[in-house]
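Naming follows writing order (A, B, C and D), and every chain is counted from residue 1.
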Amino acid sequence: MKNVPFKGIIAYPITPFNTNDQVDISLFKAQVERLIVSGSHGIAPLGSTGVLPYLTDVEKESITEATTQQVAGRVPTLVGVSNLTTERTIYHAQYAEKAGATAVMIIPMSYWKLTDDEIVAHYDKVASKINIPIMAYNNPATGGIDMSPSLLKRLLEIPNVTMIKESTGDVQRMHILKKELGEEVAFYNGSNPLALAAFAAGATGWCTAAANIIPELNLSLYEMIRLNDLGAAQKVFLKQLDVLKFIVAKGLPRAIKAGLELLGEKGGELRNPLQPLGEHDTQALAKILDSVKLVQN
Amino acid sequence: MKNVPFKGIIAYPITPFNTNDQVDISLFKAQVERLIVSGSHGIAPLGSTGVLPYLTDVEKESITEATTQQVAGRVPTLVGVSNLTTERTIYHAQYAEKAGATAVMIIPMSYWKLTDDEIVAHYDKVASKINIPIMAYNNPATGGIDMSPSLLKRLLEIPNVTMIKESTGDVQRMHILKKELGEEVAFYNGSNPLALAAFAAGATGWCTAAANIIPELNLSLYEMIRLNDLGAAQKVFLKQLDVLKFIVAKGLPRAIKAGLELLGEKGGELRNPLQPLGEHDTQALAKILDSVKLVQN
Amino acid sequence: MKNVPFKGIIAYPITPFNTNDQVDISLFKAQVERLIVSGSHGIAPLGSTGVLPYLTDVEKESITEATTQQVAGRVPTLVGVSNLTTERTIYHAQYAEKAGATAVMIIPMSYWKLTDDEIVAHYDKVASKINIPIMAYNNPATGGIDMSPSLLKRLLEIPNVTMIKESTGDVQRMHILKKELGEEVAFYNGSNPLALAAFAAGATGWCTAAANIIPELNLSLYEMIRLNDLGAAQKVFLKQLDVLKFIVAKGLPRAIKAGLELLGEKGGELRNPLQPLGEHDTQALAKILDSVKLVQN
Amino acid sequence: MKNVPFKGIIAYPITPFNTNDQVDISLFKAQVERLIVSGSHGIAPLGSTGVLPYLTDVEKESITEATTQQVAGRVPTLVGVSNLTTERTIYHAQYAEKAGATAVMIIPMSYWKLTDDEIVAHYDKVASKINIPIMAYNNPATGGIDMSPSLLKRLLEIPNVTMIKESTGDVQRMHILKKELGEEVAFYNGSNPLALAAFAAGATGWCTAAANIIPELNLSLYEMIRLNDLGAAQKVFLKQLDVLKFIVAKGLPRAIKAGLELLGEKGGELRNPLQPLGEHDTQALAKILDSVKLVQN
């Protein structure tokens, strides 16, 4: 039986910095706490939202530690450990396991487009060095590679590769995965505007940074799907669609920081060259959040 | 109140030819009868499946007449009247109305990419000359234009443009239509592999040539959605997915003809330069149909 | 030895209409005359610029006749005879030959994407019915099919298919054609903004509607290339680049009509749904033409 | 007057590793020496070919030092210092300057798509901290951002941003740069299969890894362009086209290593997850090199 520790809403915290360009661990912990208290079913630090590629090794380690300490086993944790080289991926995966992570997420980052054999060897080498499950992540837009269903099938033959996160933005792909990988495969949606279609296609969970600002709406969509109430699911999905489109269009770290601040929370600083949303975009977000009654007055 | 005469499965017959390259009206009528008897909720001749652009004006007229005669009011009819020029579009729309069609479908065909104003003027001129409703069809792949939600909104202000058929293949577009055009807009899915996602997004109907060969599966998907049984809908959708992918990949007229013949029905001839599926592809289709227990033994 | 009657600047006239939506043959002849007098090396009616797909069979025939009469053998003529069906393509190709055309141009128009075998059969059937040479035209944007170099190689094995017009907009393709089809293959560039790159890649000629408004610049580019003066070719190409980009971006029939009128010539009417350039775009074109000193004062 | 130290063929060495996954500095120096001796007009370490993103800071520093030591002023050096964060980019740019690099190359790497303002601020901050010129590199495929001509214009207003490397693969872009940025702008082509078109468009130089295996052909193309002999340039370009297409298709580090070994040179190891070309691809390359008479017998 495959070890599949996640379902529902898996929340992605941002990585906040202080004004000296250092990771603000205490603010990070506070944001993780908010995500747990608001009902998220899992916590996933060091993803795209958490600006993983912009961090030093030491910073990644401190975020990993802070996550497992703060979560303290209340929900499962999914730590991002992707790296261009196999050696560094192994290093961070082992670190995450030792720090108590429930599972790790790995996208085959590729400056040079990897062959299928190179990708399988990469996962295989990492998987053999850890004992916790791996979520294989397919996102051509950020990873530079589109892993085909047949390649994903090969990856799932590695014992501790047990989950797939799909972010091609093409709902057909999810149907094909389900069809070709078998009904029981656990796949997770990583494309926010496809959340309804992905659940309709049978996704086990939704990996989203939106839970930082609209957790009730995210959780409610999952609940309506669980209750088989498609009409209500449509309604609550349409209600949050503008938020989902906005945060994707503007970049998750920028948009989540702005959303947190509009809600009266601290967002911290971004790391250069990333800069905060401009006034115009911030007002557009305020208007969208206001339309779903979330902005502080 | 908008006049919206369609819901459910709207079936697209092919246009069969005889060995002298003439339209085989009697075979066409037999195929239309099969579609009605098998339970389709509407009949749509002269679409892409019916090779509209390959027909002469006289041929289009005889297909139109044959449809309304054979259907005889049992289900609504949706006649394709798209043409590169406004003048010919008006001509065929008026012909369809006079012949008793319930509604006409119009895609803004464009050799030269049309501006938004040109498209609105085109629909406006045609709409003013007929009294039956128009379904505006968005399909960048065949029409050469991607009509934006805001353009579709302008078209819906024309009184007898009451329905939208969406075939961009992007389910997000359907959500956006629903969000921007209002909950009550009637939109129809024209992208076969998106059938489940489209119904989950609130589509009123599914325009499909698949009903020529797997009507029970198409109708069952619609039924499961109506019953709010998402799990059963997923199951029946996955069952038909390989058929849907195959007919889209190989071209609907070729694939439907082959499918009909595999089922023991007459498929007629294609018009040059279109040629029948080769042996290899036909066997692949036979295997897929066999896996859903539809091939004659 | 292959029959290759074209080189240099092959000019594409528009098809002007009168206010009753009828083809204005006398204005068409006047425009053809202008093209010859200004030095074009060939005349190509019934192309995209000449709105071929918007015309009736009778209109196509009268344009064909008008062209050969007016040109009267002073330069070679290349008549567009493309059609969705093989039967109609043969009909128009035979008509053109009888009317005295030097050659015909054929793009494999495709509503339903054709297979390679269907395309070869299409050309083969047409070629066997005429005795004048054929230019095979590759333009995925308007024809819906991208013919690969290996498919073009198969077409060139048909005796009277002797020329290729390439409009993918990718200069690499021209190099590959040259490399794979042999040094002596005659290929023509149909992508205006690639004119310099195409000549540098060894194109035999440039098929262009720009010769309606900036013939001196088009001819001068060809001349500089013939003289092996790359520096001068760059200079004269950059001088006309904004015109080329403009006419492509706005649609050739609309842009050429506007350009003719800015030069003090008659442009005729367009056929619905095509409408003239708006005021804003017309002024933009005026400014561009003024910058190359061509607008009448 | 802008400081523009490069022209002609700018050669990109690979970064070879030993079997312990350590950079092999002595082999690297030997390869740089080959590039200089064979006539390259400039040396550009730490590019994509040199697997910059896979290296640690310390490894980047040792490659930088090794380059300037080995080149010893014989030709100008262009050191890649791109990094996701502004802070690290400044660090490596300052290191390169101190080590004696002639100029640095910077692509705005972006995991999160940067806004125009973020890109300008990034270059501005780096430029203000060094005194050597910067080549701004546009490559959407590897950098994730396509810098528009108007953005590049803004960058060129920064005093020591004096050169542009263009790798969109679209020759039109080069014409537009020339047109909009002025005749005197120094732009360099980074798209190997566009080498002829780029020189025809007025490129000052060609940044290429091909110089590791076919330096005579690369240099000869540049020479023929300088001599204004377009026919000869076409011929020598077509001769090397298959090599250029192959190395781009297979990934530069893998293909150059294989090419070096086929020529009897040492290629070193690649860093995981990158793996050597398979037998099949290696034989294909051997056949191509043999056809241009370069393989050792």
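What to note about this one:
In this text, a residue touches a chain if its C-beta (ideal position, glycine included) is under 8 Å from a C-beta of that chain, and two chains touch if they have at least 3 such contacts.
In this text, all values refer to a predicted model and were calculated from it rather than measured experimentally.
Looking at chain C and chain D, not one chain touches each of them. Most remote from chain A, judged by the distance between CA-atom centroids, is C. Averaged C-alpha coordinates put the centre of chain A at 35 Å from the centre of chain D. Between the CA-based centres of chain B and chain D the separation comes to 52 Å, rounded to the whole angstrom.
Multi-chain contact residues of chain B (touching two or more other chains) are absent. Pairs of chains in mutual contact: A-B, A-D, B-C, C-D. Interface of chain A with chain D (complex): residues 21, 48, 51, 53-54, 84-87, 108, 111-115, 117-119, 121-122, 125, 142, 251-254, 271-275.
On the side of chain C, the complex with chain D involves touching residues 169, 171-172, 175-176, 178-179, 193-194, 196-197, 200-202, 225, 228-231, 233-234, 237-238, 241-242.
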